[in-house]
Amino acid sequence: MRRDLEAKFGPVVILLATFATIFLLLPVIFVVLHSFSPTRYFQWPPTEFTLKWHQDFYTSTMFMEAARNSLVMALIVTPLSLVIGVPASYALVRGTFPGKALIQQVILSPLIIPGVVTGVSLLSLYSAGGLRIGMFGLCLGMLIFALPFAVRAISANLIGIDPRVEEAARSLGAGPLRTFFVVVVPQLKSGVLAASVFIFVEAVDNFSIAVFLSNDQTRVLPVAAYQYIKDFDDPTVAAMATALIVLSVVLVMLLEKLIGFQKSLRL
Amino acid sequence: MERQSNRLAVLLTPALILAIVIVSAYGYFAYSSLFAKGPMGSGFAGTITFENYTRVLASASNRSVLFTTLYASVVMSVLTIAIAVPMAMVIVRAKRQWVANLIMLAIAVTFLSGGVTRAYSWLILLGNKGLFNLALTELGMIERPLKLLYNWLGVGIAIVHYLLPFAVFTLVGAVRNLNPSVEEAARSLGASRSVTFWRVTMPMLLPGLMVTLTLIFSIALASFLFPMLLGGGKVRMIANQIYDRMFVDYDIPYAAATSVVFLVSAFVAIWLMTLLSKQVKRLNER
Amino acid sequence: MKKMQSSSLRLEQLNKTYDTFQAVTDVNLDIPGGSILTLLGPSGCGKTTILRMIAGFSNVTSGRILVDGTDISGIEPNFRDIGMVFQNYALFPHMTVAKNVAFGLQMRGVSRSEQATAVADALVMVKLSHLADRYPSQLSGGQQQRVALARALIIKPKLLLLDEPLGALDRHLREGLQMELRNLQRELGITTVLVTHDQEEALYLADHLAVMNKGRVEQLDNPLSLYDRPRTEFVARFLGVPNIFDAVVLDSGATGTTISLRGHAITLDRKLGLATGAACKVSVRPSHVELVAADDPRPGLAANVVIGRELGERTAYHLESGGLMIEANASRMRSVERFAEGSAVKLVFDPVHTVVLEA
């Protein structure tokens, strides 16, 4: 990329961008600080430092069960959405068949329709079909929610791949299936990695669908946090937030190490 | 490859099953809006009626929530874009790569840290004894704490913050497509930085801005968690309305009718925005 | 690498239709084994579509593609044994040079040790042995082109297809690679189909040259005849003839034809199937238009010099004769008279190289 020595913007832009970045980071940094604060309220300068809330979080049965549920759900949903999403994206990008545009619209529809509507709709379909709320229903709902992300990321990745490379493989003697696994899949590495991280995080974080599809046994982290905030008012949730932020920092670093920022931007 | 391209449809099978589930869910839910609330335990009953729709549209509070949701989403989206543009410019054009990387890192971490985390953080930051009120009191600028929570200000701040990463991600692409030579040409012809920005950069960026606006507007419309946690029952958006119909009134048909009305008005609004951005694009290309 | 099999290629009544668009119409070509056929034409003329049908990436709407007399048009591309060098090369970005080249052998279940030997040989052939472990993104355009060539040739294909193989390279590099490509093809004796829009490349590399226009073959000939005797206006223009004029047949005899160009009679020593008085178009290259002084005794067309520019070894003239614009080149190596801009001259057309075009 061409980068001139002379920046293409003035001091006003720099000032605004700095403020915007501070605004962006403020809640993230603050919630981590708050998780070590001895009082329920904000205090400055911090006089003491405590691990009490972290201890509470990691020993709370409700939070630990919720964390386990979230983890199990995300570990089921993430690989499954990619296993379904990769071939689907390939068909949608490379294929020509009737109804393609419509199928694409339907698969991507949960991106446009608000999560609350998706959640309520699935809940009423489940109860009409006699499906009780449980891990299966939760995972199915999350899978439907996650698939558009997978399809969007993998499609963007596929569009960037020269189809002639696949033709080259075919002319050198590789069959369609072999071409897919030996030539296409390796080139999807960056898309799949970025999508995995993104879907994992979105599945763990989702509230608007999960609140309808989970019950006391399958309560997930955001729902647990919401209920806790309503009933109590102490920084245990800040400890949970810190854990999630650490997780996201680790995942971002992992992405940067494996494929670089610029590529993961395509989501 | 042409010879196999129509055979590829087979690969869609599992995705298609999920698509059928979601279409039936949306369809069934919309269908239920045409009936009366059923007895406890059942979803709906009776014969087809449009009564739920008349209820939704006749209620002044419903209309006001719907209107406020649309209006507030526009305002919040525009504000978000105003904050996102300088960030995207710096990311793309910073002469030092680490500056761009730092901002990107901030966005990525914030983006991935999740909604509940951020909602909670704003709850503490904006409270009566939160960072802002404390700082302002310390500085002697205010005597009594400002009310930043349980009103549109707090909810708006949180939603703008939530939308910001989406906006920056989308705008980075648009800014990257700008040809800096055009701005250099304006500068060499005697335009100042700010004149260049408003008369040259912004018009070139406008189609990208409209696309971004439409995207984040649709995300803003769906806001649910932020008004629920930070609105304290006083700030209501349409998603909260639907949730309450469902879990407070247990009235599925009414919730469904509210959702349908919401979706229709949201689609009309998004369609109008798309139309506008096409118009902008056409004007730009002329 | 050793000499390869020299398969013949024959296209019979080949047609390709996309929905309503006819991309290729009634193409018949017959190429003996070991030679190069070049398809030359502007973009969208159907040349790449023909190549893709031979490779098996596009279905044949009607007609046959015969390799050594066997119709291959129904066979999947991976069973055709045809090597192809793609535009922009289409190298596997996630594989090293050696892995790229070995791919075809791997698909054929060749043992690892045999693969290694063959890859080493192929890389020697394209002078890339030192880059075997690099990835495509680390190579220059010319190097990528050689990898693509080695990858296509290692399977000892029946045919070699080249889709604008040098199009992405700069001029200097292109000329060197053209020569190498030509030598390699000769050495291996492999039947080759080349698609290009560059007339110089086509003239240099072709044994048989087909100029295509709107899905049809306008003219198939050896390169020199095609250059000297374009049959249609399209071919003449595509091969860079600027002088194409309306003329009238004055006399159509058994051994020669006399035509009139703006009243100036030129007698061609060829019999043309044209009636006396018929209108026709003639094409003549600038180097076959001679400028002589206005008072020269030879018959010629009176004209005025509009622009005269020295271009290294030649002088390029733009002339005007009664509203007609004519280009002429005079070699500066032969010391011929230099005419100033604005001066009146006479133009003498070389009858051997003045070509009457088909309507």
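Labels A, B and C are assigned to the chains in the order they are written; within every chain, residues are numbered from 1.
The rule is simple: a residue touches a chain if its C-beta (ideal position, glycine included) is under 8 Å from a C-beta of that chain, and two chains touch if they have at least 3 such contacts.
From a predicted model like this one, the values you see are computed outputs, not experimental measurements.
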Chain whose mean Cα position lies farthest from chain A: C
By count of C-beta pairs in contact, the leading pair of chains: A-B
Centroid spacing, where centroids are CA-atom means, of chain B and chain C in whole angstrom: 57
Between chain A and chain B, centroid-to-centroid distance (C-alpha), Å: 17
Euclidean distance of C-alpha centroids - chain A vs chain C, Å: 54
Per-residue overlap in chain A, given as positions that touch at least 2 other chains: 167, 170
Multi-chain contact sites of chain C, meaning residues that touch two or more partners: 56-57, 76-77
Residue numbers of chain B (touch at least two other chains): 1-2
Sites on chain C touched by chain A in the complex: 55-57, 76-84, 86-88, 90-94, 103-104, 107-108, 148, 151-152, 155
Residues of chain B that touch chain A when the two form their complex: 1-2, 4-6, 8-12, 14-16, 18-19, 21-26, 28-29, 32, 43, 83-84, 86-87, 89-90, 93-95, 101-110, 112-118, 120-125, 127, 129-131, 134-135, 161, 164-165, 169, 172, 180, 183, 193-194, 197, 218, 221-222, 224-225, 228-229, 239, 242-243, 246, 252, 255-256, 259, 262-263, 266, 270
Complex contact set, residues of chain A against chain B: 3-10, 12-14, 16-17, 20-21, 23-28, 30-31, 34, 41-42, 44, 83-85, 87-88, 90-92, 94-97, 103, 106-107, 109-110, 112-118, 120-125, 127-128, 140, 143-144, 147, 151, 163, 166-167, 170, 176, 197-198, 201, 204-205, 207-208, 211-212, 221-222, 225-226, 229, 237-238, 240-241, 244-245, 248-249, 251-252, 255, 261, 264-265, 267
Partner chain C, residues of chain A touching it in the complex: 162, 164-165, 167-175, 178, 183, 186-187, 189
